[in-house]
């Protein structure tokens, strides 16, 4: 079955293996005549790129993205954009012994069980390198969303046992951990370095917030916005859980506390995380995802080989001790793709309504500069 | 956009509003010539049904499901099964004043923002009543999965601040809270009754476990099994978070602890929750979902009306003080649907492989009685 | 696989067998807040209904359509519309002997080969009765299209060897053959009556024309408007071919003759049938489909039974001698569904463009009363 | 909307413009562990390639296909195959004056109307060059089908007014017109050369036959095999009509003549073209498509420019006088893709049936060497 495609109106198909010739993406359904900011796209690629600090993998990847179709004179044509990055600096020999072994925590065994034949080098399709295409497509989506006044930001809220106590979003790109809490950076860094010293890795939590999302996005009952976001975020390698707004804390809350009241200027609080009944409410979308500790660690572990015989394996190669850091731009990209797709989906049926139902109108929001749909009062 | 359809090979489309004429479902893609156990289907419907104890809503719903197509002489024909339940005992007058108001915590405002025109009575499509079709379809899926040796069980692991300390699955249907821990039932019940006394409601957590799932289900990279499950579970009303295996606890774990080792008889531990790289591993699938406290509570809350003027509202009508209890069969149904769909999806491409690749074979598992795919050693 | 769903944004799922409890449809993705003309819908149902004259089957079907969801106070809510017709006047005993036999020309053998188990009575899902849901959904689509100034008309252009020589569309509903050429009606009727006398049936050709279609509908390269229309029309029972504009005659034409020139007021001729490169051109969409002679004829024919033994069979029951006549409203419905879906699809991406690209504008067409998109000159 | 993807289980996404950097394709859902015959793939590419004789365009295209992903050690991995051909020998200057003009017969106007902004050089996405990806994917599909004993052949049955009188399939690749009738080749060639001399072009008809197709493929009622084939063939540039079996001739036939009788060894005749009720019957699939005369002709024609002002235009550049010839491998590719997809789709639900329904079995066909599904007698 074809599982490598994502989205309904804005549709993304990624291809390529970690140590194959290239990794890339086809983006279909993007509106025509859109002026692309190519530098901004490359900037997003760079944020995802390994080798930026000691806290992430030292694999050097140029990640210079090249666009092969769908753009003419720097504007989109409405036809598919294919973009890819050639693979370089691949040390496939690091992986030779893995051809016959399944690394604990990795997808080696499950890919073998499903496909029989696999490209074992560097995780193949299961590698984080697959996210190159997601980040490219997400960068397009961000530019489209910006036209509607929608912005997306992400940061790290937990590393190992250290949790952020505040959300200072402006500081996120100032620290190499992308922590939302500058006061926690030292402790987070210490936790990562301690783990690395012990040939180990740590997990983390990422939070992504989307602001300026108009009410009405999301398609109930199975195409709910939170369902789409959950699938998108869970499709990122190493993610083991997703929550919105109050999230798992809602279990211990009372309804009187959880229910967000409304005032004429919008919702007073945001336990609901910006979505009710799977439809955006106008409040910021708040999503959180947990990233497990990096599976690749240089410790001997028990496993089996392709003949189901017991073996031990330790992962060599260059790896992130805390993959949550590089996960931030990937999570932002997935949120951007879902929102852009939802926006276009909503346009499909809502746009038609303007012909027969004058109940809503477009309004210029002087605060944000964005055009917003509003209901007539 | 059409958001009311779920699934790829096994496809479910639900229809109907809480206080309309009927709620129902069309199931398409179910294999032909399957002998249905109609009593078992009705049993699942009854588990979902309100009015079973003081802890759930007192609305009486017959929930007698009727099948209109796709079955001939008690076997499926491979054509769409349409089944529905007529709505009775609707006290729509309870909702008259809500036509102009948005209840906090409900989807009233967001449906209004999206659609302009809505059936305000009892939540319309956003009502839990919509799950009638999910549970019917899930019951079909469970019967299909049973033929492959796959079983699904669900239970409540948290109510308010009370958490289950053990997992005694056999006791779940013996207590009206569906708690997996009989020792915690009294405290859970006390928490619910205290909330009700205070005109309030409580949240909870549901765990669903699928056993006997063969390795190899799930379609990377966007059609990952955990991504599909996350979307399915998040599409249930009131769910605010989903996690698998170690889930959010993975943030504070080390890789050396998180990575599950393999032995010739399978995985030694199950922090991964039965999926690696989005593909099932053969270990049990373990999913957890948080259900927010019921939004309908008889307390005055601030809100606005359709003219954006401030108002107050309290929800009358009959409602569950803890909707997690009735959520158990719904969550099981969604897991069953995803697994049955994944099984059929996997069959599509893997089945073809038997013609050119003799690397795998079918084997009869004497322990479980199920036929399983195995790789030749 | 689920083959009973049609459409991308406007999505139609039909269910039900000819002699089961009911036939019906779920329509999802229809815009909200649309005021339905229920009488106009029933009128379309009546046009499809058998028993209207001696030239069509005498089976009496009330075909009174009932809507079970998705409509509130006579306006759509944006949620799925489920509508169905209960089956009455079924003479299933006519079909008893067919349980073990395959009728030549019917889908009996192929359904048996695919599904193993089938509802043999009256053709099951392969019966023209399945089109009840298509015509209902098509009636909705027609009402939506009318808001955009798009109208659809269909008629019979060939019956047996008799071909229409003109296109007098206003006369179509005045003759019970739905011929576009009143002068040919007598000869067409004679051909049908001669066939019936000889216990035989005749084929025919239907033409459907859509006017007012704005340029720009259709999604290249696989979602071309003509590809979608071809699939839609070919999905109607008994159709063996589809063509657009010059159609098969184009083989014998020269490019200089085929190419339609453009003038400032539009295309000068319409050999292209309203689509170029799979995108609508603004010229009328012209589609033609051939309907084979009714398979059910009361003549003994050689066949086999389910044990592959030779047998003979003649079809009893009540059948149309020329099914093309009743095929007209069905073909119109399918064209309407494709166009409405294409319109909504186009809106998804084009609508977004208004935010960043002011090259086009909406204009009121004083001739037709419709609002049309125009490109700024 | 994303229209550049085709197929359900075997999914093909093409990208690239005629005069952009490259044209290519992503194929997803192809079974894993399949040993690819790369030379056979290139052979299909060469059949599609221009410049092979005086009767086709003289544009030289290497069409050397390169695979970037999804293959490891010459076997498929089950992950997406991306393959592309870089564009060379592009004389874009031939098209400079077309930036502001719409060529009659081309998609220039409609792309402009839809997208506002377009790559006008050489037809962009509407160029036959887009078919590179189709033919690559079709070559994969043919290799898969061959494992099931299914073969596909195509040929030209009409050029201008010259119709083939016989079907001598073995001779097709021996004549540069790919005519199925060697006796008609001279007349066909004369018709093309006469047209070219008159700066004109001619149309044609292609027939494609698939043999060895097992009964049971195709998904009623909207996913009918003939509906899928019709869409696939109509999506090829310049095609204006599609028919199966008797096709449009069925209009003038009687039911007694049209209905194909069955014998214990299969269907006695094949007016139905291998499909009944949209499901394959075991008889050969017979499809016919009409290709309009090439739109690019060096004659002055009336048109308008982007400002809707009258202009004249003649197409320079190098073009096929009869595009039907090169259309043969493209049509074969589309039929192969639909059949491979249908086979995999059918496997999804039918394969599951083996677990609970032993009514069918696999049998080795000694005549063809293929494995076939058979129903137990």
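Letters are used for the chains, namely A, B, C and D, taken in the order the chains are written, and counting of residues starts over at 1 for each.
As a convention for this text, a contact is a pair of C-beta atoms (placed from the backbone, for glycine too) under 8 Å apart; a residue touches a chain by one contact, two chains touch by 3 or more.
Worth saying up front: this structure is predicted, and the values here are computed from it rather than measured.
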*asked:* Using the stated contact rule, I'd like to know whether B-D or B-C comes out ahead in C-beta pair count.
replied: B-C
*With chain centres defined as mean CA positions, report which chain is farthest from subunit A.*
C
*Let me have the rounded angstrom distance from the C-alpha centre of subunit A over to the C-alpha centre of subunit B, please.*
25
*Please work out the Cα centroid separation of subunit B and subunit D, and write it as a whole number of Å.*
43
*Chain centre separation (subunit B, subunit C; CA means) in Å*: 38
*Can you list the subunit D residues in contact with two or more other chains?*
1-5, 9, 14, 29, 32-33, 78-79, 114, 116, 125, 220, 345, 348-350, 353, 357, 359
*Spell out the residues on subunit A that touch subunit D in their complex, using ranges where they run on.*
1-5, 7, 9-11, 13-17, 20-24, 26, 28-29, 32-33, 68-70, 72-73, 75-82, 84, 114-119, 124-125
_subunit D-touching residues of subunit C, taken from the complex the two chains share_ = 1-6, 8-9, 12, 14, 102, 104-107, 109-114, 116, 125-126, 130, 158-161, 195, 198, 200-205, 215-224, 226-235, 237, 240-248, 250-264, 268, 272-273, 275-282, 290-297, 299, 301-304, 307-310, 345-346, 348-350, 353, 357, 359-360, 375, 377
*Where on subunit D does subunit B make contact in their complex?*
9, 29-35, 78-79, 144, 147-148, 220, 343-345, 347-353, 355-357, 359, 371
